[in-house]
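After this come two complexes, each holding subunit A, first together with subunit B and then together with subunit C.
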Partner chain A sequence: MVMPTARYIAHDKLMPWLLGLAEGRRVLAPVREGGKTLFLPLREDSRLDLRGLADDSAKAALLPRCEPLLEFHYAKTAGVPSRTTLEVREILPGQETFLFGVRPCDARGFTVFDRVYDAGTRRDIYYCSRRDKTLVAAIACADPAETCFCNRVGGDPGGSDGADLLFTPVEGGFTVEAVTERGGAFLREQALEEADGKAEEAREVREAVRRAMPEGPSLDGAPDEVLRLFDDGAFWESVAAKCLSCGVCSYLCPTCYCFNMTDESNGNDGVRVRTWDNCMSFQFTLEGSGHNPRNGKAQRMRNRIGHKFSYYPKLHDGNLACVGCGRCIANCPASMDVRAIVIQARSRVLDKEEYANE
Partner chain B sequence: MSDSYRSNLYLPDMATIQEVIEETQNIKTFRVTLNNPDAMRSFRFEPGQVGQLSVFGVGESTFVINSPPSRMDYLQFSVMRVGELTERLHKLRPGDQIGVRAPLGNCFPYKAMKGKDIVFVGGGIGMAPLRTLLLYMLDNREDYGKITLLYGARSPSDMAFSYELPDWLGRPDMTTELTVDNGAPGWERHIGLIPNVLKEMAPSSKDAFAVTCGPPIMIRFTIEALHSLGFEDDRIITTLEKRMKCGVGICGRCNIGTKYVCKDGPVFTNAQLRRQPNEM
Partner chain C sequence: MASSLDELKTAIRKALPGLDVVIAWTAGPDALSHAPLFITEEADVARIEWDPRCSQNLAGYLPGLRGKKAGIVAKGCDVRSIVELLQEKLIDREDVVIFGLDCQGAVDARSARAALGSSRGVRDVAIDGASVCFSVNGEPRFFSPGEVLQSKCFGCAGADAGLCDHFAGERGLPPQFGNPPESTLERLEAMDMEERLRFWETQMSRCIRCYACRSACPLCVCQDHCAAQSREPHWVDQTDHPREKLMFQAIHALHTAGRCTECGECERACPMGLPVMTLKRALNRRIKDVFDYQAGIDPNQTPPLFEFREVETNIKEREW
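Let's turn to the complex of A and B:
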C-alpha cells in the first residue's frame, strides 16, 4: 500500500480534532490531572499536556493495571442441594481506542510486549485484541530530559517503532505521518491539510533532537556481562543495597510486562483478575513450600537487570527490555539509576578480567 | 513439544473430580475427567507435562499429570497440602467441579530413552512425575531396558502410591527399592537417605538414563551420587517446580535465566541446567 502524504494540524485544531475522534471511540491522551500528566480518556474539559514525557507510561492502554479475565458463578443444583454447579465465562475486551501523544520510547515499549504476548501460536487474546483495536499515535520528542536515554538502548527520539502514526512538532502545530498500513488507512479518512513544506521541517526537527540527546555509552550488548556476574553476590548486594523494593520502577516502566493472576469472590460470584506485578517483591517467586529462589533483594535485582539487559535480548534478537524513558530513574525514591548499574556491571567484568590477566 | 495453545490461554476446561485417594496425611490424589466428552476423547499429552488446576475463588496451581498417556480413562494429579490452593483442593470430593488447563510444558525425552536402562530416583511427592513415565514405560515395556526404581520418603506412612508398591516390588521386569529417613515397626526395607542408598545400590550408568525428582536438597545430593556412579549430565533428567501463574511463559516469574520452567520445562537434563545461571 502506498502511504498517504504527510498532513499537518495546527495547535488550535488539535483538541477539536481529538474530541471529534472521541465520538466513535475511546481517545487516550496525556492529560494534566492531580498534579500529574497521565494517559486518560479525553473529555472536553481535559487539559491536554504535550510538554514532554507523561508521568506514567501508556502501557495500561494495552495491559490494564487490573483486568478481569474470567467470571465464575456457583449455584445450588435443583433437587440435590449438596451439589453446586459452576459456570465460567471469559470476559473479552473490545473497545476501539486512539492512543494519542505517547513518546517514541513508549511506543517502542509496545514492541517489547508484542514479542511476548503475540508470539506465533501463543497469543494472549486479551492483549492482542486491545492491540488490534488501538491505533497508536506517537509524538517525536523535541526537548529530551536529563534522564532520557533512548539513544543508548537502540531507540530514537524521533522514531516510530510500535506506533501507527508519527506526529512531529513544527512551527504552529504538528505534521502527521503514517507509519503502518493501518495508520495510513486512518489518515486517509481524516480531513487534515497537506503538510507540504512542513514535512521537511519535521525531518529537521527529528534530526535536531537526535543531536540534542544526552550522550553516554550504549547499554546494548550487556547480556554476557550480566551472566558472568551472576554468582558475584557482593556486586548484586552493593547495587541493590538502597533499593526499597517499592516497585515504582516496574509500575512506571513501559516494558515491564510481568503480571499476577488472583481470584476475587463475592458470595457465589467472582472474577479471576490479572494485575501488574513487581519482580522486586518478595512474594513474586515465593513458593507454597516456603522456598524462594529469589529470597533476597540482591537476587531479585539481579533478575530484574538480567531480564531487561540479558535474558530478554538473548531470546529476542538482541532487543533490550528497556526503552530508555528514564521514569525509573526520575521517580525512584532511593535514586537508583539503571544506566549506572549496567555500566558498573560492565566495568566490574573488565576489572575482573584485567585482574585475572595480571 | 506441545504447541497446541488454546485460543484463550487462560480459560480452563471444566472438569469433574471422579475419585479422591488419600495417599498420606498430606498428599491426596485426584482423578478427574473433562466435562466435554469430545475434549476428553481428543486430549493428548506426553509423560512429564503438567496442568494448572483451578479452584475458582481461590486460584490456580501447577501439578504434573501423573497418570500415563497410555491410560486415558481419567487425568490424575497428586497434591501435597502446602498452601491456600492445595488446602482447598484437599477439601474437594468426587463430583466437585474444577478447572484444568493442560497440557502445559515439555515432557520427558521418552523417545530418546528407548532401548536404554532407566534408573528412577524419587523423593516424597517427587514420585508423582516419575510415576507417569514409569507407568508409560511399563505399558511399553519392550521399548526399554532394565528399569530400576528407588523411592524414598520421610517415614513409611509418608509413601504415596502405597497400593501400587506391592506390584512394583513384585514385578520381575523391574527392580524396586524403598527407603525411609525414619523407620517404623514392621518396616523391613532400607532406612537411610536416598543418595546414600543409591550409592549402595550402584546401578550401572552404562547405556542408562537417570530420572530424579524430589525436594531441591535431595535432587542436589542425588545428582552428586549419580555423578559418582558415572552418569553424565546429559543422561541425568530432572523435573522442576517454581511458582507459576500463566503457565505459558508470559507472566515472568518462573524463569531460570532465559528458560521458563512452565514453557521450556519442567523437564531438564542436568546438562541444560548447568548452562543456565544457578538460581534454584
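Let's turn to the complex of A and C:
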C-alpha cells in the first residue's frame, strides 16, 4: 500500500478536529486535570495540554489500571438448596479509541507490550482487542526534559515505533504523517490540507531535537553485566537503600506490564479484575505459603533493573523494557535514577574483572 | 547557606567515626530535588548538599536502621518526625545523632518544574524573605513562595534546636512568608457534606494506587503488611473506584491520628498531586481540641491514643 502524503493541521483546527473524531469513538488525549496532565477522554471543555511529557504514561489505554475480566454469579438450584451453580460471563473491551498526543517514548512502550501480550500463539485477548481498536497518534518531541533519555535506550525523540500516525510541531501547527497502513487508511479519510513544504520543516524539527537531547552513554548492551550481578547482594542492597518500596516508578512507567488478579465478591455476585502490580511491593511474588523468593527491597530492585535491562532484552532480540521517558526519575519520592543504577552495574562488573585479572 | 553547610560537614566529619551511617542529602538526578545520601566513609561528606531542594524527610529511614548507630540530618519539620518515632519507641535515642538545620522553606519539585517550565539549567535555589529565587543558566528567576514551596512550609513552627545534638545555622526561627495560600482544609470547610464527598471522589479518581503516600510516611509502620494490600483478610476492594481509594486514605488517616506531625511526605510523594495530608490535618485538629496534644513535640510525652486515662480533661463522659 502506498502511504498518503503528509498532511498539516493548524493549532486552532486541532481541537475541533479531535472533537469531531470523538463523536464516533473515544478520543484519549493529554488534558489538564487537578493540576496534572493526564490521558483522559476528550470533552468539549477539556484543556488539551501538549507541552512536554504528560504526567502519566498512556499505557492505561491498552492496559487499564483495573480491567474486569469476567463476572460471576452463584445461584441456588431450585430442587436442592444445598447445591449452587456458577454462571460466568466473559467481558471483552470493545471501544474504538483514538489515542492522541503520546510522545515517541510512550508509543514505543507499546511495542514492549506487543512482544509479551501479542506473541504468536500466546495472545492476551483483552490486550489484543484493545490494541486492534486503538489508533495511536504520537507527537514528535521538541522540548526534551532533563530526565529524558530515549536516545540512550535505542529510542528517538522524533521516532514513530509503536504509533500509527506521527505529528510533528511546525510553525503554526503540526504535520501529520502515516506510519502504519492502518494510520494511512485513517489519514486518507481525513479532510486535512496537504503539508507540502512543511514536511521538510518537520524533518528538520525532528533532526534538531535529536541534537538537543541530554547526552550520556548508551544503556543497552548491558544484559550480561546485570545478570552477572545476580548474586551480588551487597551491590543491590546499596542501590536499593533509599528506595521506599512504593509503586510510583512502575505505575508511571510506559513499559511495566505486571499485573495481579483478584476476585471481588459482593454476596452471590462478583467480578474478577486484573489490576496493575509492581515489583517494588512486598506482595509481589508473595507465595501462598508466606514465602517470597524476593524477600527484601534489594531483591525487588534487582528484579526491576534485571527485567528491564537483562531478562527482557535476552528474550526479545536485545530490545530493552525501558523507553527512557524519565518519569520514574522525575517522580521518585527518593530521587532514584535508573540510568545511574545501570551505569553502576556496568562499572561494578568491570571492577570485578580487573580485580580477578590482577 | 554555604556557612551552614560547612558547619554541618564539620560536625558530621567529627561524629562519623562513632556512627555506622549518617543520612544526609546530595545532588539528585533532577536539578529540583536533592536525593538521600547514606554516608559511611569520610570521602562522602564532601558530597553533602544543603539548600531549599533538600525536601525529602529522611526520618522514615531510621526505624529500618534500628540497632545501628545512625546520624541524621534534619530540618525542623523532620525533627518532629524523629521525636514522634522516639515517643513511639520505634527508635532508640542513644543510637540516633540529630544534625539539625535552620530551614527557610523546602521546594516542591513538581510545582517548581511547572513554574519554571523545565528543570534544565537550574543551578541554585535561594529563599529570601518573600520570594524564592532559582538560578537558571546564570539568570535569576523569582517566584512567590506559594507557587514553588511545599504547602507544609506555611505552617512551619521553626526548628527546636534544643532537641538536636548538633545545630548548624541560626537558631531555627520559622520563615516569614506573609500571606499563606489558602489550604485545602480551609476550602473544604466552606463546603457542605455533599460537596466534600464530590471533591474527594474527583480527587481520588486520579489515584493510581502506587501507595507512595504510605511508603513515604515516616510513621506508617505496617508498610509491608498494610491493610490496603492484604488478601487475607481482604479489607480493601481492588476495583478502580474512587470510594475504595478514599477508603484507604481514611485507613491511613485514622492510623496516623495524633501521630502525624504533618511533615508532608504523603503529598510530596504523590505523583498525582492529591491533597491527602488534609485528612490528617483535620484529624490532628480534633486531637488538639480533645487532648490538647500535638505530635512530635516532646520526646518524653506519651501520645494520647497510646494510653488509657480513667478521666480525660476534655471528655465529659461522667457529667452528662
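The working rule: the second predicted complex is superposed on the first by the 358 of 358 C-alpha atoms of A that agree within 3 Å, B and C clash if a C-alpha of one lies under 4 Å from a C-alpha of the other, contacts with A are read in each partner's own complex, and residues count from 1 in each chain.
By definition in this document, a residue touches a chain if its C-beta (ideal position, glycine included) is under 8 Å from a C-beta of that chain, and two chains touch if they have at least 3 such contacts.
Please read all numbers here as calculations on a predicted model, not as lab measurements.
Asks: Given the superposition on subunit A, are subunit B and subunit C in a clash or a fit?
Replies: After superposition on subunit A, which the two structures share, subunit B sits beside subunit C with no clash.
Asks: By the touch definition at the top of the document, which applies to A:103: first (subunit B), second (subunit C), both, or neither?
Replies: So A:103 meets neither subunit B nor subunit C here.
Asks: Considering only the touch criterion stated at the top, classify A:55 as touching first (subunit B), second (subunit C), both, or neither.
Replies: Only subunit C is touched by A:55; subunit B is not.
Asks: Can A:276 be said to touch subunit B (first), subunit C (second), both, or neither?
Replies: Second partner only, subunit C.
Asks: Which partner chains sit in contact with A:346 here, subunit B, subunit C, both or neither? Use first/second/both/neither.
Replies: Neither subunit B nor subunit C is touched by A:346.
Asks: If you stack the two complexes on chain A, which partner ends up touching A:262: first (subunit B), second (subunit C), both, or neither?
Replies: Touch status of A:262: both partners.
Asks: After the superposition, what is the least C-alpha distance between subunit B and subunit C in whole angstrom?
Replies: 6
Asks: List the residues of subunit A that touch subunit B in one complex and subunit C in the other.
Replies: Residues 260, 262, which sit in both footprints.
Asks: Show which residues of subunit A lie in contact with subunit B when the two form their complex.
Replies: 69-70, 72, 74, 83-86, 88, 90, 116-117, 121-126, 227, 230-231, 257-263, 265, 270, 272, 274, 277, 279, 284-289, 291, 293-294, 299, 303, 306-307, 310-311, 314-315
Asks: Quick one: which bits of subunit B touch subunit A in the complex? Just the residue numbers, please.
Replies: Contact set of subunit B toward subunit A: 3-5, 7-12, 14, 56-61, 82-83, 85-86, 95-97, 99, 216, 241-243, 245-246, 248-258, 277-280.
Asks: In the complex formed with subunit A, which residues of subunit C make contact?
Replies: 28-31, 33-36, 38, 56, 60-61, 109-110, 113-114, 117-120, 202-203, 206, 208-212, 214-216, 223-225, 229, 231, 234, 237-240, 265, 268-269, 271-274
Asks: In their shared complex, at which residues does subunit A touch subunit C?
Replies: Interface residues on the subunit A side: 33-36, 38, 51-52, 55-56, 64-66, 68, 143, 145-147, 214, 238, 241-242, 244-248, 250-252, 260, 262, 264, 271, 273, 275-276, 278, 281-283, 329-331, 333-337, 339-340.
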